[in-house]
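Please read through the structure below; I'll follow up with questions.
Chain lettering (A, B and C) follows the sequence in which the chains are written, and residue indices restart at 1 in each chain.
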Amino acid sequence: MRVKYQEDLAELEVSVMGAIDMVVGQVDRVIEALMHQDLALASAVIAGDDRIDGRYLEVHQGILSMLALQAPVAEDLRLVAALLHIVKHVERMGDQCVNIAKLLPLSGHDAPRRDEIVEVLVRMGQFARSEVVQCRAALASRDVALAEDLVSRDRDVNLLQREVFRLALEAGDDYETREWAMHMTLVARAFERIGDNAVDIGEQVAFVVTGLFREFSDSSSGPGPTLHR
Amino acid sequence: MSAAAAIPAPRRRERTKGRAFRWLLLSTIVVSGALLVTLLADVAIDGTTSLSWDFLTSAPSFDPRIAGLYPALMGTVWLMGGCVLFIVPVGVATAVYLEEYADARRWWNRLIEINVQNLAAVPSIVYGILGLAFIVRGPLSLGPVVLAGSLTLGLLVLPVVIITAREAIRAVPPSIREGSLALGATQWQTIWRQVLPSSVPGIATGVILALSRAIGETAPLIVIGAAGYVAFAPSGPDSAFTAVPMQIYLWISESRTGFAELAAAGILVLMAVLLLMNGVAIWLRNKYEGKW
Amino acid sequence: MTSSVIAARDVETRETPLEAVFSLDNVQVCYGDVPAVAGVSFELYKNEITAFIGPSGCGKSTLIRCLNRMTDLIPSASISGSLRYHGIDLYGPGVDPVQVRKRIGMVFQKPNPFPKSIYDNVAFGPRVLGMEGDMDEIVERSLRKAALWDEVRDRLRSNAFGMSGGQQQRLCIARALAIEPDVILMDEPASALDPISTAAIEDLMLELVSQYSIVIVTHNMQQAARVSNRTAFFNVDLDGGRRVGRLVEYADTETIFTNPSDPRTKEYVTGKFG
């Protein structure tokens, strides 16, 4: 029954997951650019964000269409609403990658690097990347446990962010080093935001499955309010 | 709110009126039923003694002990046969024309329609005169033969056939016609393949009812000259004939003793045939009623 | 979001150009002197499902019946304006309505199977039209296309009235398909059916559209939203005291239901009247 509707709905979901895949690619590239101070790669990341924005608009229009034309209910409706939120978070994640990419050239070609800071940042990036992959898997398999596990992942990312901050404070006395270090704290913040967005996606997955919207408890704040459907 | 207040009881006057009405209706049924039963009983008492197989198979004679109904029965059979052959095509064709082709707004079609209704009420003796003037004598000049009798009786009952056939055709829902036309059928194909096949039970009922009227008609037959004393069955559409009602009439008119019982027996036969025909018509109607 | 300008919707590019099946130009239908629907000009395209929606009395049923000359059956009906089918004037002299109905089939609101067997129902059209070919094959093919074959293959000779409403309607569709039309018109085909049968008919429409062009009249907006590619919204115009049906907006379905341009369309689809 309603074959076309089922197909359209599945297509929307595939579209969103494709967008998540794009973000994973962007995160990989941005980590790479960070490690090797590769400014060309950074520009590619900035240009590549157009694809994610395009996908966002496509999905947005597709969801409007689906709501207007097919009137989904029950779990289908929750899925559609969740996809709308999820794709927004994906778009934000893409923007964070762009922010990171934009921060790299600001330090100039001979950046006064502190390797220990870069090392922590790369690790943050990798953790953030794994969070994105995990939230995609949670969505694909509707796995609430997997979604909830993102919180502990995210705690690690937050801890690393504080580490970067601490290291940046002790970075050095000269102006250029301090400037570079401040930019790196912004990079850390961007990675942390990527992680937060992944946790938000996890919350949406839980909503689709359970019908309850609950903020997962994370390390940055206590347990949030539970909103019943 | 108490039960009585929630649904108020009917007022006493209404209840009494209702009951009185029911009794009135019941009594009318009882009276008419009683009359019919008395009639039948009277005839039965007189006639059953004369009923026998010999009665049905012998020719009439001056001796009431050996007189029989055979030529009259055969005459009636021939008459009815000819009648059916006449009324079915003419009646159905007229009904089809009036229902399917005639534009109801045209004056001549309205005229035809009104006339059909009127003709159904014309007294049978008028048809007898008509038959005498135009079929037995006049333009057709067939003489007082079976064919003339069939045609006259046919004209008499034709309006009944037309009216019932029209009802049967009208009962076919327009959705069936629409469906057929939407598939590319012409109007004629729709009528021939959808409307008429579905109307057959209704038309058959109408024909049987028409025949059961024709079978008992005496006046027209007398006028067109069905013979009084005929000792043979008809040999063809062009032979002289008599019919059961005629025979009964003659026997009743006979003043000599013994013929009254014969007449009663004849009436019993006629009634049995009528009952059978009407029964078949009712069965047909009930079987196919509400098929839509 | 980056600052680059991205269109809200990619412009849809069709693989093949649109081919008009019907072209209407200022079509007006009157019953006697009273116009039922007037000033209708638009085109209906091949291999699409076009829906006619609108409040009761807006003339959508009248208009769809013009497309296969079923209005000819109503003596007082008259049509003016130009109504072309693949370029041919449908009401021109020398155009045989019977041939028109062979090419443009119709399914009605209340399922109307003939009081015959399932086999004879489907075979009726081909028989009266004198179509050549193995009748058994034609019947089977049509029943398969209407997604009914598996359910009735063992009782083709049984009476059509023994089927459920949804099955009867699919039988009527099979009957219409048997004459190998080009276009299928459906006048509220599912309004007499329960939701499951309705969904089955809608799925069937979506399957058939690759081979046929379909026009559907429906008073159920959600149905139009679910199945149609393009939607025409008709409304009753109080034209100087007279109620006349007019075409208000005609666009692809997504636009009609997400962003209609005419305020009357907006009010109708959001349920504020009608």
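By definition in this document, a residue touches a chain if its C-beta (ideal position, glycine included) is under 8 Å from a C-beta of that chain, and two chains touch if they have at least 3 such contacts.
Please read all numbers here as calculations on a predicted model, not as lab measurements.
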Chain B to chain C, fewest steps along touching chains: 1
Chain closest to the assembly centre - both centres taken as Cα means: C
Centroid comparison with chain A (C-alpha atoms), farthest chain: B
CA centroid of chain A to CA centroid of chain C, Å: 48
Distance between chain centroids, defined by C-alpha means - chain A, chain B (Å): 92
Residues within chain B bordering two or more other chains: none
Multi-partner residues of chain C (each touching 2 or more other chains): none
Partner chain C, residues of chain B touching it in the complex: 103, 105, 173, 175-176, 178-186, 189, 193-194, 198, 291
Interface residues, chain C side, partner chain B - complex: 68, 70, 73, 75, 98-99, 101-102, 105-106, 108, 110, 112-115, 124-125, 128-129, 172, 175-176, 179
Contact set on chain A toward chain C in their complex: 1-5, 46, 49-50, 53-54, 56-58, 61, 64-65, 68-71, 91, 95, 98
Residue ranges of chain C in contact with chain A within the complex: 1-2, 4, 6-10, 196, 199-200, 202-203, 206, 222, 225-226, 253-254, 257-258
